[in-house]
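Dropping the structures in below, format is structure tokens.
Next come two complexes built around chain A: one with chain B, the other with chain C.
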Partner chain A sequence: MSDAFQVPDLPEDVRAALRRHILALADTKRLLGLRYSDWLLGAPSIETGIAASSMSQDEWGHARLLYAMLKDLGEDPSPVEHDRPAAEYANAPSLDEPFSDWAGFVAAMVVVDGALTLALEGFSQGRFDPARSRVPKMLAEEEFHRDMGLAWLRRLGQGSDEARARLQQAVRAAVPSSLAWLAPRDRAFGLLVAAGLTAPAETLLDGFREAYGEVLRSVGAEALEPDFEGWDEIRGRGPGQPAEELVERARGDRNRALLLD
Partner chain B sequence: MKEAVFDVFARKDRGDPLVHIGYVDAMDAELARVYAWKTYDEQNWFEMCVVPRTAIIPVNRTDGPFAANALGRKEGEG
Partner chain C sequence: MKMPVLDVGLPSHLSVHKSGGRDLWSEPMETHPEDRNAALLECLHEVLDPEIPISLVDLGLIYGAEMDGDVARVRLTFTATACPCMEFIREDVTDRLEQEHWIRAVEIEEVWDPPWTTDRITARGRDILRRLGVGAA
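Entry: the complex of A and B
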């Protein structure tokens, strides 16, 4: 893609689309980190719990870097991080509720984290300088998330009938809304693509199918299609919103009085 | 699911000796890689490797963590 641009030169609608994109990525990172953290003590082994802890911290750190990109748009990220209501969160919808079991965790590692990685790759190849400079390190750290997700997916896929059934259910539940989140077909995303700020939706979908299609089909998730039912163009995601309790943790409500600059 | 022991070796800088830094339990080599990297992440390692403990052959000791693989050792020997 062509060279970086100056943010002040952006038309207002493209600027709004870029803000939405940054929030979609940052919110998903932050909430995925929290969902991972729910399993630090409930994972199948100590090593798996340690890995979940490390991944949780990776996601949290990446979220902070992504929210900080709002400064490049002239916006203070602090109110966005600490004051927004749940209804404004732009996360991948399958993070709205807790993972029902370990299969849900594994499905999120592959489907949600996988979609997030594809989205970040597209963003890092675009014309937005902060993404080009800050995202590659995130992608390097994500390689271990992908490896852990795929290894666990294969393991559960070779497990008992019940393990396979739960995994299939979790993956099938996560795919449609995650792919819609990854590759929106709305005007705002089209503006981003036309401005060279991220990769086209079809490229992102093809990338996801190439990276994960075979392994997901092997566990019974044949249809890797996005579901745009109830699409919310303001947030760039499907219907619903994250659980209030999760957003309270994301915002740090209980620590509000202790916040340091 | 049965887990195996994988020993973890790492070096901080190119040219440093590869040293044993610990071990992880994992169901396979793929997970052992991830667990090792995520567990022993206190350093910015230049290189890290995992080795299934069953692949380590002791040379001069018949006791310690690798004793089970000592050549010439008889099944069930202390």
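Entry: the complex of A and C
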């Protein structure tokens, strides 16, 4: 399209902000795929486990395409994928630790995957051509994740008192940091918005509330507000970092010696 | 144009090739074709999906193919972003085309725009899938 950015013309600070944004999306995809994969054999039914497997595969496919966007910035994505320490991961913070139970998985499907999809929609509507051309396929695949997440949220929301309590706890825990990750209020994100590379933070938040507000309120998550305490402007996320064990799996550390050309 | 895929019926054996995408390859053409773009597409018709015996062309994965000098440029997509057969497909396309004497090199561009959907499967592809018992609504 005619208003697309020519990457070489990007000011250095905008380029750095764009790199941070790509990493936030790609890292979240990669770690979400791993967290989903933890439940392939622990889901409440075989069919749901298969769905978790498919979603896990989707997330890794999306991560691959997102990391590849670094090439468009002139950077080799391989070290980014295989060498970075956990402290540099820019994922949504609620993926740092494993889901404590199935309610945690369901909360992630709706809150984290939902926020991620909103972020991708904003990115695909911006002026970065690789996002315009590659993200629509991801969004099409994400429709199934949304359907699955909402179906399970409603199901647990109509379950036992224990089920509702656990779901409410999981959703309330995931929302604040995920919404901050979705809609940063810092300078770097402002640069992206000003450059027309993604949607404004308030638009993204409004989109999340419109898409998920009613159903989340129905399970007791009334406050859909971001929490910016301890914000890390370098990574574009809240405090903390993913568990080392998770990042070792994401990088493929144990299989590094087995890599084939 | 030759359309070899599955005209003799469904495969009755497991593939003995490096990938199922190579099961119906012809020998290289003996002479250089007059219409090299048409010949290029004909070669691509012989490259099958590694998992289902339907050509990449009929599956709608080829978004463009043309000769640039003696370099074949192919625009290729996949059915899913995490398609586990991506590398097989790339290798099959490259190897099938490079066995032709009139093709020196193959350049594959991975594209995702427009996103692949089942709408891109040809009528012939739908017929093949139907015979295989695969729905493509």
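Couple of notes before you dig in:
Here is the rule we use: the second predicted complex is superposed on the first by the 257 of 261 C-alpha atoms of A that agree within 3 Å, B and C clash if a C-alpha of one lies under 4 Å from a C-alpha of the other, contacts with A are read in each partner's own complex, and residues count from 1 in each chain.
Rule of thumb we're sticking to: a contact is a pair of C-beta atoms (placed from the backbone, for glycine too) under 8 Å apart; a residue touches a chain by one contact, two chains touch by 3 or more.
All values reported here derive from a predicted model rather than from experimental measurement.
When the two complexes are overlaid on their common chain A, residue A:Gly159 makes contact with chain B while staying clear of chain C.
Of the two partner chains placed by superposition, only chain B is touched by A:Met148; chain C is not. With both structures placed on the common chain, the touch criterion links A:Trp60 to chain C but leaves chain B unconnected. By the document's definition of touching, of the two partners only chain B reaches A:Ser45; chain C does not. With both structures placed on the common chain, the touch criterion links A:Trp231 to neither chain B nor chain C. In the superposition on chain A, A:Ser133 makes contact with chain C only, while chain B stays out of contact range.
Common to the chain B-facing and chain C-facing surfaces of chain A is no residue whatsoever.
For chain A in complex with chain B, the touching residues are 44-48, 50-51, 53-55, 144, 147-148, 150-152, 155, 159.
Of all residues in chain C, those touching chain A in their complex are 80-84, 111-117.
By the touch rule above, chain B contacts chain A in their complex via residues 1, 3, 24-28, 30-31, 33-35, 37-39, 41.
Residue ranges of chain A in contact with chain C, taken from their complex: 57-58, 60-62, 64-65, 132-134, 136-138, 140-141.
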